[in-house]
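As written, the chain order gives the labels A, B and C, with residue 1 at the start of each chain.
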């Protein structure tokens, strides 16, 4: 079986980064909504989806320049910076819980800026978008944390977060968030990577986090967690189908076969 | 503080769990080609070598195993707080983690190969069917043992860090170890099985991985058979030794002696490494063509 | 603990972590195919594995044994050294018996520590393989620095009033931030202190001081604002 030359070399229309950033910042709205009632906690899951989408797109933007150490590090770095901003934001806002996400966002901006600035100007990494993307990743990470807090505990107050920390579940949020933003680009790495497929995978990883947040919320919300899990599974299924369909369109799919002969150049 | 004999028994249990976890982790990352040797699988289509290997690119192994371990630990924790039996909680937790593992592995394979269309690399659906359960199964075993290890450390040795955090930390550690030791066996010996034994990989052969097996095409599932002869058990012994030695010295000795014993063990390790290096240099000898080119002599 | 000491402690910890990451020999993807000297994994991944093992040891010592600070830090360093030492040793076992190559570096003609000839043992077409003594010792030192740095972060954060679990979580985040900055400076692979890339260390330390300073400033300010533990 000889393989036809690849088609579809035209780059599909890119969704603007600013639009995705705006969507990411909008994730604060469902996060706030989720704190209003235990039965509305599933709305925080949509906050998770949006914040994750923003983070994954930023990782994609910066990684396309080739960051040398690989994509996983930047995901872990982003969430590492975010967790500090989030904790500081919660402490600064302990008397005014609704302000905590905003304070954390500003602190994440600062942390991301400092890290991006160091990488670009002190370490002299030749990536023009480094500062902007580092800021975006840290800010997306901070919003992702708060969306998780709202979905899992039903509130964004420090008491809920302290319980999450006491049980160590904060590390679960850290790693599913980190993998959520780094997996989409890392898994689609290659010559024919396109934004459409990568962002669909970002929605899949967001859906995974939605389900996991739902399972974890059993500890805090009891039976109301079922709603979150069900909605999460639905969101994941929709996103997964979309991703698989796009992969089948983009790739050469066969159910089985021997290795094709490549036309020697 | 525990008395020494109970402490030693606990440490031995932890060491055993760690050994199994290490071996399973390495074999899992060989069935689903992950982390560093996967760079060659990724490169292969670009140099014209199409393959039927499971290109599983879920970040590196440390974050991936931290991911599965944290999920398993959280689910197990939820069940334990509901007074479910500990072992049952671990089984259910590891099973849930294996499900997510399978989902991520599938998306990685589809994503990476769809991005290699221009080289003509097909996405084989039967590769997914054949390998997914093997990947999930090995991941299940590794995750279960990490949970046993973390729980023993937390509940019996009364470590101050929470259970889920300990599982996270051991997930990262086991990933780092598996990636450093067993993956070398897979990367240099199995992926390039047609290259002669006794040399590193010449850069000219980059990407030219073995794609045809004894009969038919090379399938990743057979990598477990090969690497279980050396790479897998070596990784297991490595992780088991680390857990055992680190906890043995804190259980048996008082804090001051524990630190001194630790330094002593490190000194012994340096000596063993030196002995191994000398052995290898003497047994293998220099390359004659290099001696001729660069001038001989020690 | 007063804020200034805490910030100094965190900055020193950050510098130690960065120095540690520069010392650990990492060969990246090529090393996994015996094409480069060093451990066959990623810089951040290995350093984090070692540092977190040290953190676990230090956490145990700090709370269970009630020992002075020095032993806690040393214990963290020892835990980290043991993890990396055994990993590198088993790695070398695989290179020697599994791949069939002696551990050598291609960056120097003679090993700085053992004075062994290196270049004639390097496989053609590779940049060295395995972990020669200089890389091994460099790795041990690096693991020690990383372990002490991680433990110092944790102890400092706990002393200023954070709970055990929160201090550990933030210590992990702090460790990762510094390790990744060091990894960006190294740009992929480094063989140890004999590698020419090691001369880039001052830039990373400058970055580390800036980043650690800002991060520790934020944390201390937040805790002081909230009046200690909430």
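Everything below uses one rule, namely that a contact is a pair of C-beta atoms (placed from the backbone, for glycine too) under 8 Å apart; a residue touches a chain by one contact, two chains touch by 3 or more.
Not measured: the values here are computed from a predicted model.
Highest C-beta contact pair count among chain pairs: B-C.
Ranking all chains by how far their C-alpha centres lie from the centre of subunit B, first place goes to A. Rounded to a whole number, the gap between the C-alpha centres of subunit A and subunit C is 27 angstrom.
If each chain is reduced to the centroid of its CA atoms, subunit B and subunit C end up 20 Å from each other. Residues of subunit B found to touch two or more other chains are 60, 63, 161-162, 165-166.
Residues of subunit A found to touch two or more other chains are 70, 72, 76, 166-168, 170-171, 174. Shown for subunit C are the residues in touch with two or more other chains, namely 42, 45, 48, 165, 169, 172.
Chain contact summary for the complex, subunit B toward subunit A: residues 42, 46, 48, 50-52, 57-60, 63-64, 66-67, 70-71, 73-75, 77-78, 81, 96, 100, 103-104, 107-108, 110-126, 161-168, 211-212, 217. On subunit A, the positions that touch subunit B within their shared complex are 3, 6, 8-9, 70-72, 75-76, 166-172, 174-176, 178-179, 182-184, 186-193, 197-198, 201, 204, 208, 212, 215-216, 218-219, 240, 243-244, 246-248, 250-260, 262, 264-265.
If you check the complex, the residues on subunit C that touch subunit B are 28-29, 31-35, 39-42, 45-46, 48-50, 52-53, 55-57, 59-65, 67, 71, 74-75, 78-79, 81-83, 85-103, 114, 116-117, 119-126, 128-133, 136-137, 140, 164-165, 168-169, 172.
Across the interface of their complex, subunit A is touched by residues 42-45, 48, 163, 165-166, 169-170, 172-177, 180-181, 183-188, 203-204, 206-207, 210-211, 214-215, 218-219, 221-223, 225-226, 230 of subunit C. Taken in their complex, subunit A has these residues touching subunit C: 67-70, 72-74, 76-77, 79-85, 87-89, 91-92, 94, 107, 110-111, 114-115, 117-119, 122-125, 158, 162, 165-168, 170-171, 174.
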